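Here come two complexes built around chain A, the first alongside chain B, the second alongside chain C.
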Partner chain A sequence: MAERGESSEAVMLKKTEEEKLRKGKMIVGDESKAGYEEEGKKVKLVTSDGVTMEVEISIVKEMEIIQTFIGATDTDDSFIFPISNVSSHILNQIIELVKGEYDQELAKKLSHDELKEILVAANYLNMKTLFHFIATAIANVIQNKSVEFVRDFFGIVNDFTEEEEAELRKTNAWAFEGVDED
Partner chain B sequence: MKKHSDGEVKKSKSVVLLPQDVIMEILLKLNVKSVVRFKSLSKSWLSLISDSRFRNLYFDRSSPTEKLLIISIRVLDLTVPSIDFNAPLNRDSYSYFEFEVPGEVFQPGIFKFGGCCRGFVLLDCLEHLCLWNPRTGFHKKVCRPPIDSNKELSRNLLFQGLGYDPLTDDYLVIQLFASITIYLQTHAKVFSIRANKWMENESTDLFFTYSQDYDTPCRVVNHVIHWLSSCLKEEIIVGFILAFDVAKRKFFEIASPIVFGDGMDEMRVLSEIEGLLSLNVYTNSKLSIDIWVMKEYRVECSWSKSIAVSLVDHVPQKFFFPVCVTKDGDIVGNDLCGLFKFNNKGQLKEMLSYQDVSAHLHVEMYQESFLSLPCPND
Partner chain C sequence: MPDLAVGKKRFIQPNMCFTNLTNQDKSTLSQSDNCFFSEALSEDYSPILPGLPDDVAEYCLALVPRSNFPAMGGVCKRWRSFIQSKAFTTVRKLAGMLEEWLYFLTTDCEEKESHWEVVDCLGRKCRSLPPMPGPGKAGFGVVVLNGKLLVMAGYSALEGTASASAEVHQYDSCLNRYGFLKHST
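Then we have the complex of A and B:
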């Protein structure tokens, strides 16, 4: 059953990839007619801390939220996209991760806050590959960790009463065995 | 680009709060144990994890944790041991776990095992049926179907099983009976969890004959429930696979890749290998195990023998059932004394002997989940 579900998901993924490819080709095709040079092309992004950064088109292409703008408008070099939810620091991290082809080793160097901020940014910019990459990295950090560790990780306040929490721990006692040291 | 100073990073610590749908994506990538533990993080995490939408998504997305349940038909101590058959067969192993059977549902006594589906186990207790999720402890009693005294005096249960219909997100218990009063007739009854009642269902016109396979339970693959069975066709007893499509609520037949041999010499088990229906056969006189896999579902010519081994150094007792195949291609099965794992050369790799040899034991492949049943419709 699950295998079947997975395979249909895989098929869907393949489809969207194909669509992306087609879309990519279309853009290249249309733009090249208008004398558009794909290679080395950069797009200006303004970050939340007011920094204007020139980002390579290959990276911007993964940001579906901006891609829809590029598709809809005639872009020229003067066009500037504000990304008000992403700081320059985080955008730099994103660029490094995309350029590094999503190497898990790179993710290990990120702080917990960076991981969370990149995830929020990936969600906002609609960068699907980056989103799943970082979500997996966070899952790897918190897998087998204690409840206290994970509360601290996400900045979550415990709103259970002592009795409620004790009851939950009692009914799910098996899930608390063999947990990693914090 | 200038890096943030440490002070700024620290300041942002409590600021980065992730939206719930983002949290959910992270949770979907965790193992069952971590997800269950994190229910006690906060009230909002508890409600997110308890939500049926999340549970269904989790079940569909996660790679299944498959285990063997070792069910003693005569439960004395109200525990059911389980073990991850891909891990070493060892009682000290991390993967070995004993589930506690909820005492208010099962009176200690004899019960029959009726099948597994998405982490739920169907148990046939003396007075009622019960759906039980060993991982969450969730259980629901189901009364036996009522007898229509105009049509029947009593009846024989031939097959029963548990299945899931993804279209209606409903679980069905199916029972097929042989009528005692009307010769050759069978009839089927289906219990829908959503409708919370038994309904008559279209039956089959097959005439079933007795076979020891009736003691082997159903196997759910592709939302279809399968049973090994034998019927009388043109005065010859033919072994085949009876199937029930849960969504269409219809029976159909699948031909077996082999002619069924003597039931005292040949142990047959319906199983599943990487989502494919398989027929595992142990022949006692030849000490051989054959694993047949149906490569393309319902295409009978696609049955192919994927594993054929002869046991070399260890001979199990006469009644050996090859229950499943591990990811590494090892064969795991049980006899009256314990669980055995053989490699593809027929050598014994590991064994786990049962503590209580006298108990009648049944070993079943079970996919762990923390799903709960849908609520009955009003």
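Then we have the complex of A and C:
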């Protein structure tokens, strides 16, 4: 663990921190997280569009990718975490969803593109609760909807021939029962 | 702005180490980027959900309740083949979405023909299966393999003469559909 950490993290540390590391002050494990658990404390994240955002520690805690990093290095308040796969717009949406305690009503306000981008971001940041929440929102879009609605919503091309589709309808009576109004 | 340039340089590599650090403990959330790009390069590749890596999209489909699968199988060929695949069952298992359904064979009121009915795990009657293809048979064998119901052999009585059957029908429980299993003669 320590060896792996040293080799990959060293790149990211500032000069002063590198020195600390050399002096053997690097703390590995949960103890080093303690400093980040203070109420109201913020962590700086820089997004793909170059915006530096100060995010509350309670939200950053859900980002396992950042937690892994904090847990493995001796970072301080001035440290800026790059999250180059996530735009500031999406990060703001994520913050809102976490603060709103994952309310399905909030998810309904998101556009299809936002849903997808948040899902990709949640996957990248390793935010398990958010990932499951958005995946469920997408599953809800699919549920009880006509195939035409699903294709249209996700931009999926219908690659069945007319004959194949007629055959599907004929042999698949269930599939077309109980469909919600689009 | 010289600062920005310096900043950028610093950030390129840290990302790589982020990936290294987190891949260790990803179970349901897997390394989507890699497979996304390699697959996207092949020509007739179509993603399950455009704009999403397939492993992420697969997880989304797995969260949809089972009764929707026949309809989902009509969206496009990619969805259809995924829903029929063993991989789909695996993802649903990981997501804790497997639903147990009970299939039973029963006769209609005149006790002439038999048909299948399905109840879900709470004992609610869901629906009847489409009739088995071919002439009404008796004495056939039934086995379940990977979520597919195989109805094998038996005999049918047509106009007073009984004839043995060597046919095997396969019922796909996800797509609610019968198919023939070809056998070599």
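Simple rule for what comes next: the second predicted complex is superposed on the first by the 145 of 182 C-alpha atoms of A that agree within 3 Å, B and C clash if a C-alpha of one lies under 4 Å from a C-alpha of the other, contacts with A are read in each partner's own complex, and residues count from 1 in each chain.
Criterion: a contact is a pair of C-beta atoms (placed from the backbone, for glycine too) under 8 Å apart; a residue touches a chain by one contact, two chains touch by 3 or more.
Just so we're clear, the structure is a prediction, and the values are computed from it rather than from any experiment.
Engineer: In the superposed model on chain A, is it clash or fit for chain B and chain C?
Structural biologist: Chain B and chain C clash in the superposed model.
Engineer: Looking at A:S84, would you say it contacts chain B, chain C, both, or neither? Reply first, second, both or neither.
Structural biologist: Second partner only.
Engineer: Mind working out whether A:E105 is in touch with chain B, chain C, both or neither, as first, second, both or neither?
Structural biologist: In the superposition, A:E105 touches no partner, neither chain B nor chain C.
Engineer: Does the superposition put A:E165 against chain B (first), chain C (second), both, or neither?
Structural biologist: A:E165: touches chain B and chain C.
Engineer: One more residue to check, A:E64. First (chain B), second (chain C), both or neither?
Structural biologist: Touch status of A:E64: second partner only.
Engineer: If you stack the two complexes on chain A, which partner ends up touching A:I142: first (chain B), second (chain C), both, or neither?
Structural biologist: After superposing on A, A:I142 lies in contact with both chain B and chain C.
Engineer: Which holds for A:V51: it touches chain B only (first), chain C only (second), both, or neither?
Structural biologist: first
Engineer: Once chain A of both complexes is superposed, is A:F131 in touch with chain B (first), chain C (second), both, or neither?
Structural biologist: In the superposition, A:F131 contacts both chain B and chain C.
Engineer: Of the two partner chains, chain B (first) and chain C (second), which one does A:K116 touch, if any: first, second, both, or neither?
Structural biologist: both
Engineer: Which chain A residues come up in both lists, the one for chain B and the one for chain C?
Structural biologist: 4-5, 9, 113, 116, 119-120, 123, 131, 135-136, 138-139, 142-145, 147, 150-151, 154-160, 165, 168-169, 171-172, 174-176, 179
Engineer: Chain B touches which residues of chain A in the complex?
Structural biologist: Where chain A meets chain B, its residues are 1-6, 9, 51, 53, 87-89, 92, 111, 113-114, 116-117, 119-120, 123, 131-132, 135-136, 138-139, 142-145, 147, 150-151, 154-160, 165, 168-169, 171-172, 174-176, 178-179.
Engineer: Over in the complex, which chain C residues touch chain A? Could you list them?
Structural biologist: 4, 7, 10-11, 13-18, 20-22, 25-26, 28-29, 32-33, 46, 49-53, 56, 59-65, 67-68, 70-79, 127, 130, 175-178
Engineer: For the complex, give me every residue of chain A touching chain C.
Structural biologist: The contact residues of chain A facing chain C are 4-5, 8-9, 11-12, 46, 50, 64-65, 68-69, 72, 82, 84-85, 113, 116, 119-120, 123-124, 126, 128, 131, 135-136, 138-139, 142-147, 150-151, 154-160, 165, 168-169, 171-176, 179.
Engineer: Flag every residue of chain B that touches chain A in the complex, lowest number first.
Structural biologist: 1, 3-4, 9, 12-14, 16-19, 22-23, 25-26, 29-31, 33-34, 36-43, 45-46, 59-64, 94, 97, 118, 137, 164, 220-223, 274-275, 367
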